[in-house]
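You will see subunit A twice below: alongside subunit B first, and alongside subunit C after that.
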Partner chain A sequence: MSAVAAKPAAGGAMNPTAMGVGIVMLLILLGICWYVAPGLGLMALIGIIIGGVLIGFGTHFVPVGGAPAAMGQAPGIATGVAMLAAGAGLAGLFGGAWAAEQGTVIAVVTGGVGGGLMMAITCMMVNFVYVFGMGIPAASGKVKADPITGDTQAEYKSQGTEGHGLPFVSFVGGVVGGILGGAGGTLIYLMLLDLYKVTLPTMMSATEAQIMPIAVSAAGMFAVGMFLVNAVLTAYNITGTIEGPHDPKFKRWPRSVVASAVASALCGIVAILIVVI
Partner chain B sequence: MENIVFGIGITALTGALATVAGAAEDTESNIGSQGDPNSQVQLAPQMGFLHRIFNKAVAGEPPAYGLWCCLGAGLAWAFMAMQINAVLAIVLGCVLAVFVQGVYATTAYLGRQASLKKFGQPIYVDILKSMTTVTMAHAFVAIFCTVTLCFLINAALGHPFPLPLLGLVWGIALGAAGSATGNPYYGKERQYQNQKFGAGVPISASGNIVRYAEAGERNSLDNGFFTAKLGGPASGVCFGLIVFLELWRTVIFEKIDFPGLGPGWYAIFVGILMILVFTIADRYIETWARKTYGPYAEPKEASS
Partner chain C sequence: MTVKVEVVEGGVPHTKIMAAGIIVSLVCLYLSYLNTMTGTEMFSFFGGLAVVAALIWGSHTIKVLCSYGIGTGVPSAGMIAFGSGVIAMLLATKFGLAAPIVAFVLAIVVGLILGYLSNEVLNMKIPAMVQSLTELAVVGAFTLMGFAVLISGSFTFTGLTTGSITILGASLPSYQVSFIGGSLIAVAFMLGGIAIQHPFNACLGPGWTQDRMLMLTAECGFLSMIVAAVMSFALITTGSALISLIVAIIGWIYTYKQYFALSKRDAADWLDAKPIPDLEGH
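The block that comes next holds the complex of A and B.
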């Protein structure tokens, strides 16, 4: 079938076969890890997969309008999906890494709150510029009324556009996305840090205090890298722009979650193998 | 107590540096025409509107600034390892990072403009000579402030991440905050100054950017001059608030025991409280706009 004859791909359609293949690949990767590094390595990989899934799922919440939003032609934040999610998630990772000494739960929650705070400030400033700098009220192009506040949207949409600014539901979506991304990134960092703290002293014949700078740097770099992998994968799933949890594109999340799990498992295996082989 | 006072001082200084960095980043991205609004600068010649606007979308602002800040921080870190004074090391690292930015800006402008040759868009050498240095100067301010705040976070506040990694993290966050806040003001309010105020740009007007100034043709310095009045400072406030509040809640509240839960939870609850405050502020701005500006058209239920 030629490209011209092909039916337009329904962006939201799920492909059960592909999802099944993804799950099988995930199980194979888990099996490899169980064989090579049972115990701490496997636990680390499971944590990395959960973190990756949180990032992939959370990115769907972030309202991103891309180039059209920069002209007030579409609602959302005027930048790329992966870029904004990375900005929020890495701000969260920064906070979570700082709290790493206080335990996994506190660090992950701190990371989530850091990401949420970054998004809350950014989303508020976006509406500030739209309202006070450009005189444009927020309006969604995808729903008749805001699902949270019940505010009607159509009459606040200027002519020839799909909406603009951030309606309240998009703001909430942005904060939720930041929280999930920050928590996911921090979880990946903590899992790798715990593994490196145990394995690197033996591998390098050094004390834990001596290997800490290397462990922190390596875990941090892998966490940033895996964050970008998951955020970019999700950006492909979203294809361009999304308004937030009320957008029909949000329903595509199961596909992205499977893809994120497989990609995180693959990246995680590499991050684990460098210290266990 | 002295530690907390010292921490608050460093936090205030990093917040101020972040504010300057955010403002410089947005102004640089507008003079260089980087980020999403550059889609219109690229589109305009294809719609028959030739222009003298700088055209460099090297990458999205977050990865671009992630690279430049990481590079500046990494080089500064290497210079410090060579026992060079920290201030001098940061300046040297940032200068070298800015040269990389300049190379990217030059090749991006030449490459992008050359790709528009079939639409008759010339490559203006005078634009290349006059704009590139200005974007480099603004980029230096943004990178220097970001690397310095990363150095303070690492050396004075004791964050475990090494300097290059902090540069990458905060460089990406700087680009994300600056592009999110500043892009609409440059994209809608400046590039489409000929469209009605208080409404989005109709999709049918895409590509018809303003190309003439008070005297002669408009260039990107005019755009930087305009956006530095609101888009730049707003981006600075955005990034400054992010850095300041994230550090402030950690420095002051992280060590305090929360009754029944232990240390760490105070900082979390203060963070949640701050998110709620910004949520209320956002809702106020949204409802204020709806009440003050009113709808563009009557609701369908009311008109029928």
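The block that comes next holds the complex of A and C.
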């Protein structure tokens, strides 16, 4: 079979059996956690799963253009899904980690603001480069009119391209995606940090102040690891480029939510086992 | 896409590279246990050799996976390798002497489930997906464990979290001066992540040759090992760190020269251009 004749396998189709298996796996992992670490461990795992799902869902909002966008032939930011998700999430994670001592809600909101701010700056500078550097207007190729502003797109779209630049709806999508991703990454970090702060002192027979560097470093490392796993799984779900919430590919999000939930539960339980056994 | 764009033509088959990667990494990781048996830290450099072996295997796995158009770029494969590898590796360090074996088994479990998720739930339907993600998780775990051994001389949780500082001649235990507590693991993560994703990204295309890509991987691995060996001065004795640094520099120079020769061999033409000459009279 040649590359031309092949049809893309990762279409919008759902695989109900696999989704069912995924949900069963999620329940099994939750059950294992309830068995080995009820209470604090289970609460942490639920927080981690929510964080992972936020990352997986949020990434669908981000306008990803890939290599075609770098040549002005597709709308979006000119890099891959995994890189953008990691950038937004890690920016949020660093922002949220600063506020970790002020309580979960403030820290998660701070993380969301950090991620959203990073995406807002990225989207604005990308449009600056497109408009003033490459001399192309922003136009979507997937919809006739911008769903938010109502501006028509077809007049501005160059022939032979899928659109170019960042239309307003993609900009908003990018910021929303950054907020969700940053909040999710921070939530994972906070859940693990709270768990390690309580359990590590007894495990290593040291005071809380002494083990703080280890708790912060291990929680941060696990959060980065889970973030990258979730970001890459979402990238596999999107396969290539997406314009934002108005793109037809956005409808694939249920698959990603199931995959992110199972992956986060799996990684989360490993991270919890380190202080239990 | 279900179409495989490139095929492995000639060269060493993938299963052979995989078997060699597993065996060499495991043997090197266990050789570093000589540290504990002899009471020195001289054998830490075996961790760096385990890193290079695992990276060579991993870059070939990335080649197998990314030959199918996965549409997300080659770096994403390196990122998921280390994302899942660091999780398996950190838990495995709790098992003392069995840590490398436990990391191997645990990474296989994590990789299998992630492979199932991407192939079935996310509907990727790529034949090599499950096996590749499993292999990549093991590669990530081995690479990080190798860096841990190289930098701190040990692969146990206690060894990675406890260091000592000397104040006025007295040695005090400190959790901050350690591989995990000092967040050296984050640097090791990115050093490995770049080294694993770069070779195929740099060598892909119609002119791809297996030996050139693998030589570039070894070169990237030794380059990362130089940086890690410099960091190891903070945690292990100066003499031991110096041994690691010398091994890394010798390995890097050799592989760099070899890679240069292979690039010349594969190039269409080679012009030994001189630098821009200084104009006379200035």
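As a convention for this text, the second predicted complex is superposed on the first by the 267 of 277 C-alpha atoms of A that agree within 3 Å, B and C clash if a C-alpha of one lies under 4 Å from a C-alpha of the other, contacts with A are read in each partner's own complex, and residues count from 1 in each chain.
Basically, a contact is a pair of C-beta atoms (placed from the backbone, for glycine too) under 8 Å apart; a residue touches a chain by one contact, two chains touch by 3 or more.
Because the structure is a prediction, the values reported are computed rather than measured.
Annotation for the three-chain superposition on subunit A: subunit B and subunit C clash.
More residues of subunit A are in touch with B than with the other of subunit B and subunit C.
Of the two partner chains, subunit B is the only one that A:Ala99 touches; subunit C does not reach it.
By the document's definition of touching, of the two partners only subunit C reaches A:Val262; subunit B does not. Legend: residue contacts after superposition of the two complexes on their common chain; A:Pro213 is shown touching both subunit B and subunit C. In the superposed model, A:Gly66 makes contact with both subunit B and subunit C. Once chain A of one complex is fitted onto chain A of the other, the partner contacts of A:Ile242 are absent, as it touches neither subunit B nor subunit C.
In the superposition on chain A, A:Val224 contacts both subunit B and subunit C. Of the two partner chains placed by superposition, A:Leu45 touches none, neither subunit B nor subunit C. Judged by the touch definition given at the top, the superposed model places A:Gly80 against both subunit B and subunit C. Of the two partner chains, neither subunit B nor subunit C is touched by A:Leu54. The superposed model puts subunit B in the path of subunit C at one of 38-46, 128-136, 200-208 or 254-262, which is 200-208.
Across the superposed pair, subunit B and subunit C both touch subunit A at residues 66, 80, 83, 86, 213, 217, 220-221, 224. Against subunit B, the residues of subunit A that register as touching in their complex are 66-73, 77-80, 83-84, 86-88, 90-91, 93-95, 97-100, 102-103, 106, 109-110, 113-114, 116-118, 120-138, 149, 151-152, 154-168, 171-172, 175, 212-213, 216-217, 220-221, 224. Of all residues in subunit B, only 35-37, 39-40, 60-63, 159-162, 165-166, 168-170, 172-173, 175-177, 179-189, 191-192, 197-206, 230-231, 234-235, 237-238, 241-242, 245-246, 250, 254, 263-265, 267-268, 271-272, 274-275, 278-279, 281-283, 285-286, 288-290, 293, 295-300 touch subunit A in the complex they form.
Of all the residues in subunit A, the ones that touch subunit C in their complex are 1-3, 6, 8-11, 13-15, 17-19, 21-22, 25, 66, 80-83, 86, 204, 206, 210-211, 213-214, 217-218, 220-222, 224-229, 231-233, 235-240, 255-256, 258-259, 262-263, 266-267, 270-271, 273-274, 277.
Across the interface of their complex, subunit A is touched by residues 1-3, 5, 69-73, 75-77, 79-80, 82-88, 90-91, 94, 106, 110, 113-114, 116-118, 120-126, 157, 161, 175-176, 178, 180-183, 185-186, 189 of subunit C.
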